[in-house]
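The two complexes that follow have chain A in common; it is paired with chain B in the first and with chain C in the second.
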Partner chain A sequence: MKRLATAALSLAVFLLIWKAAVVIGGYPDYILPAPEAVLERGLRAIASGVLWEHTAATLAEVVLGFVVGASVAVAVGTALGKSVFIERALSPYIVAAQAVPILALAPLLDIWFGGGLLARVAICALIVFFPIAIATMVGIRSADPLLAEMLRSLGATTAQRTRLLEIPSALPVIFGGLRVGVTLAVIGAVVAEWAGARTGLGVLVLIANQGLFDTALMFVALATLATIGLVFYGLVVFVERRVVPQ
Partner chain B sequence: MSSDTSRAIGLAIRLDGIGVRFSPSTEELGVLHELTLEIAPGSFVALIGPNGCGKSTLLLVIAGLLQPASGSVLVGDRRPSPGDARVGLAFQQPRLMPWRSILDNVSMPLEIAGVPAAERRGRAGIALERVGLASAAALRPGQLSGGMAQRAALARALVLDPPVLLLDEPFSALDALTRETFNAELERLWLDRRCTIVLVTHSVSEAVALADRVVVMSPRPGRVVRSVEVGIGRPRTPELLGGPNAADRASEVREALAAARPLELRPWAEGVTA
Partner chain C sequence: MSVRHLAIASFVVMLSACSPGGPDQSTPELRQVTLLLGYQPDVQFAPFYVAQREGFYADAGLEVTIEHRQAPDVQRLVADGQAEFGVADATDVMIARTAGIPIQYISTLYRSFPVALIGAEGAAPSDPSELAGRSIGTPGRFGSSWHALLALLDAGGLSEDDVQIREYPQFNQVDGLTNGDVELITGFRNNDALRVADRLGGMSLLTVDDVAPLPGPGVISGDELITSDPALVRAFIDATAEAQAAVIGDPDLGFAAAEANVPAIAENPEVARAVLEATAELWGGDAFAGGAIDQELWQSGYDTMRRLGLIDGSVALDEMIGTPAP
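Our next item is the complex of A and B:
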């Protein structure tokens, strides 16, 4: 209850500062629309079904991209953590792929994966992959060597050691990566949409900004993207509280 | 001695000419050198010696976790292998998994051995009862005191009911009062079910209080320099342990330790503390 009150208060202060900036600065609507103008534009977008159409497309990309990217990242990160050989062999490519700006890579992936939902999921998964893979690798290596020796004395196999010791030890660190990854998934979805899509909140931002000069609608799209990021981040934290002990 | 042979499950341990070295150089004598020791089935032996003399290494050899460079090891009639179910091992630190309940920690050896889940709970519960920790089954290791955590570790070592129990200073981090209680309980556990126990300790009084035989090791490279038969009845009551017999055995062990100490260390350690 107290947390909710704090959040509400903080939102009220944010909106007040926003409104004050519009009034004091005297900005026109196409530069900085007032909060109530954005709200009104949002309600209209909801009523016409436009907002939901674009939001649904982006949600699908974010969810699929995050799930695919995170699953592959945990598997690859586990392999990287367990084998120095695999790390030496693979990490240059992983780092290089991360160092190339996703914006530059997105059009290429769009062509490779046929330009549909699959392409956008791939782009989203790629950007999600890196922080989670690295977190998993670091987490796997953080397993206590004394516990590893104890397991060896019990005759545990490599698979048992991974399941009983390394994954549980890595979980808090992996969840750190998942928190970063889930917010990146939203960015990945927008970048993927910019590389070639007809629906999605990224597309809506472009339409509102460059096509309609409807800055209020652009704010509606941005606010929706921010909300998606917040909700999914909250979901990851929620799962983390249940999965990670203490 | 109140020995009940029907409860004797212990196996003999035979170490013959054991050599262990961590560097391949032939000039260095290594951690253990030509160590020979026979331990009778169902007996309680304490290993004592200066730091770094290879006591813990010797336990790893008996557990099959370390292959000696030379010599032979037999537990019963077979060489021990890594993860040998015939050998239970308790370390100086409890080494419990912080994210598992005490019951789940204790049942882990069963889980690794592939025992079905339904059976695991019952057997782990019995092991916890044996160490007096049944009420803590649902707790996490972080909620236990150091002494309780060591009990849980002991229960884990006992859960497979191993014929050989190796204890690497399991009580060394506990305060003196808790240790005394533990020693009495350990003796009771052992009298109840006669496995072969090898206890590594730094404490002369603990060794004399618990063991049938105290084996004194030399500084590195470790060898057996003396074997003292304690010969005090069981259970070892405070009266028995306060008697002249115990005091004589303790001074015998101290003399052997002092004689085995390298010259440069002698002035430091006149009068070894118990």
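Our next item is the complex of A and C:
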């Protein structure tokens, strides 16, 4: 209850600052719409079904991109953490892939993957991959060496050591990576949509901004993206609290 | 004066106070204005570069600062008075004005609509009704490319559901066409068509002018400036049109000015020159008219945009175009 009240107070302060900026700055709606103008536009977009159509497309990309990206990242991160050879061989490519601006690469990925959902999931997964893979690698290596030695002396196999020691000790760090990754998944979906899509909140941002000159609708799309990010972040935290011993 | 303007004015005064002493070396008789060109420095903006370099603007009492901004920001900044003039698509002006953005189209730059459907040699039909079932690449559901595509489909008795549309928001639809992903693309006749011809060894066009005429890009200004200082607006229009006529008459003049403003030209001057020549043909259309606005063409375009549902008719045509009398 206290947490909800804090969140509501924080939201109210944010809206007040926003409204004050509009009034003091004298901004017209096409430069910075007031919160109530965005709310009114959002209600119209919900009533017409436009918002849901685009939100559903982005949700699918975020969920699939995050699941695919996180799954591969945890597997690769585990391999990197357990083998110095694999780390030395793969790290330069992983870091280089992260350093390349995905915005520049996305249009090509869209063409290589033939457009469609597959291309967008691939772009999203690529963005999600890095923080989770690195977090997993660091987490795997954070296992207590004394406990590892003890398991070895008890005759535990590599798989048993991974399952009983390394993964449990890595979980807090992996969840740190998942928290970052899930917010990046939202950005990844938008980048993917900007590379080529017919629906999605990224597309709605483009249409509202460049096609309709409807700044309030653009803010509605941005607010929806922010909400998706918050909800998924909250879900990861929720799962973390149940999986990771506090 | 708003708080924003007061803050900006205070900042400018502070900067002035910090500047080295001595007499004011600027030329106070020149009125400083800002011109926003979309996209990025390009040979297609040669008339503006010529007007600036060859003194057309100075002769009109103007000192013009050229900046390049993304298309939607051009309309917003001009409407807000942060820039006096901008270049925008006529169809976007109709939509922006209908959305409550106080801008008007004040002078024509392109007598011919620059966007067309482009395909490999023989791929583009001459009758828009033959577009049914074809795959078409376009940057997205916005801008003059989208409006042209809808107008062409409408002219052929078709809708977007009758074709397969693939979107290329990064404007790389030429890659999609040459890659074989789509049969046709929307693109600029003076630029994309040349790139397609270069890559595929030939190309074919279905132009908007032939079947669904729409007004082309032009110069825009804000309501406030048009009302408060029509002489300034008129001076800018005339100087720009004069420079444009000079480039049409002497493309070398335009190319030299563009070379000084567009670093990318150095990479491939032959292509840039070809783009300039193709662009000059679009400026001229049937006959170059010194920036005059073709009311009949605008009415036709307005009706088409309304029929397509891109504007609702709540703002009258005469509120979208406004040229101060000479």
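FYI, the second predicted complex is superposed on the first by the 246 of 246 C-alpha atoms of A that agree within 3 Å, B and C clash if a C-alpha of one lies under 4 Å from a C-alpha of the other, contacts with A are read in each partner's own complex, and residues count from 1 in each chain.
Here is the rule we use: a residue touches a chain if its C-beta (ideal position, glycine included) is under 8 Å from a C-beta of that chain, and two chains touch if they have at least 3 such contacts.
What you are looking at is a predicted structure, and each value in this text was computed from that prediction instead of being measured.
Participant: Check the residue A:168 against both partner chains and state whether it touches chain B (first), chain C (second), both, or neither.
Facilitator: First partner only.
Participant: Quick one: is A:176 in contact with chain B, with chain C, with both, or with neither? Answer first, second, both or neither.
Facilitator: neither
Participant: Looking at A:160, would you say it contacts chain B, chain C, both, or neither? Reply first, second, both or neither.
Facilitator: first
Participant: With the two structures laid over each other on chain A, which partner does A:106 touch: chain B (first), chain C (second), both, or neither?
Facilitator: Second partner only.
Participant: I'd like to know which partner A:152 touches here: chain B for first, chain C for second, both or neither.
Facilitator: Touch status of A:152: first partner only.
Participant: Have a look and say if chain B or chain C is in touch with more residues of chain A.
Facilitator: C
Participant: A:229 contacts which: chain B (first), chain C (second), both, neither?
Facilitator: After superposition on chain A, A:229 lies in contact with neither partner.
Participant: Can you list the residues of chain A that meet both chain B and chain C?
Facilitator: Common interface on chain A, chain B vs chain C: nothing in common.
Participant: Touching chain A in the complex: which residues of chain C?
Facilitator: Those residues of chain C that touch chain A are 2-4, 71-72, 75-76, 79-80, 92, 95-96, 99-101, 140-143, 146, 165-170, 172, 175-176, 179, 181.
Participant: What residues on chain B touch chain A, complex-wise?
Facilitator: Per the touch definition, chain B meets chain A at residues 63, 65, 82-85, 89, 91, 93, 95, 97-99, 108-109, 111-113, 140, 142.
Participant: Could you pull out which chain A residues touch chain C in their complex?
Facilitator: 24-31, 106-107, 111, 114-115, 193-198, 203, 206-207, 209-215
Participant: So in the complex, the part of chain A that touches chain B is made up of which residues?
Facilitator: Touch list, chain A to chain B: 146-147, 149-156, 160, 164-165, 168, 171, 245-246.
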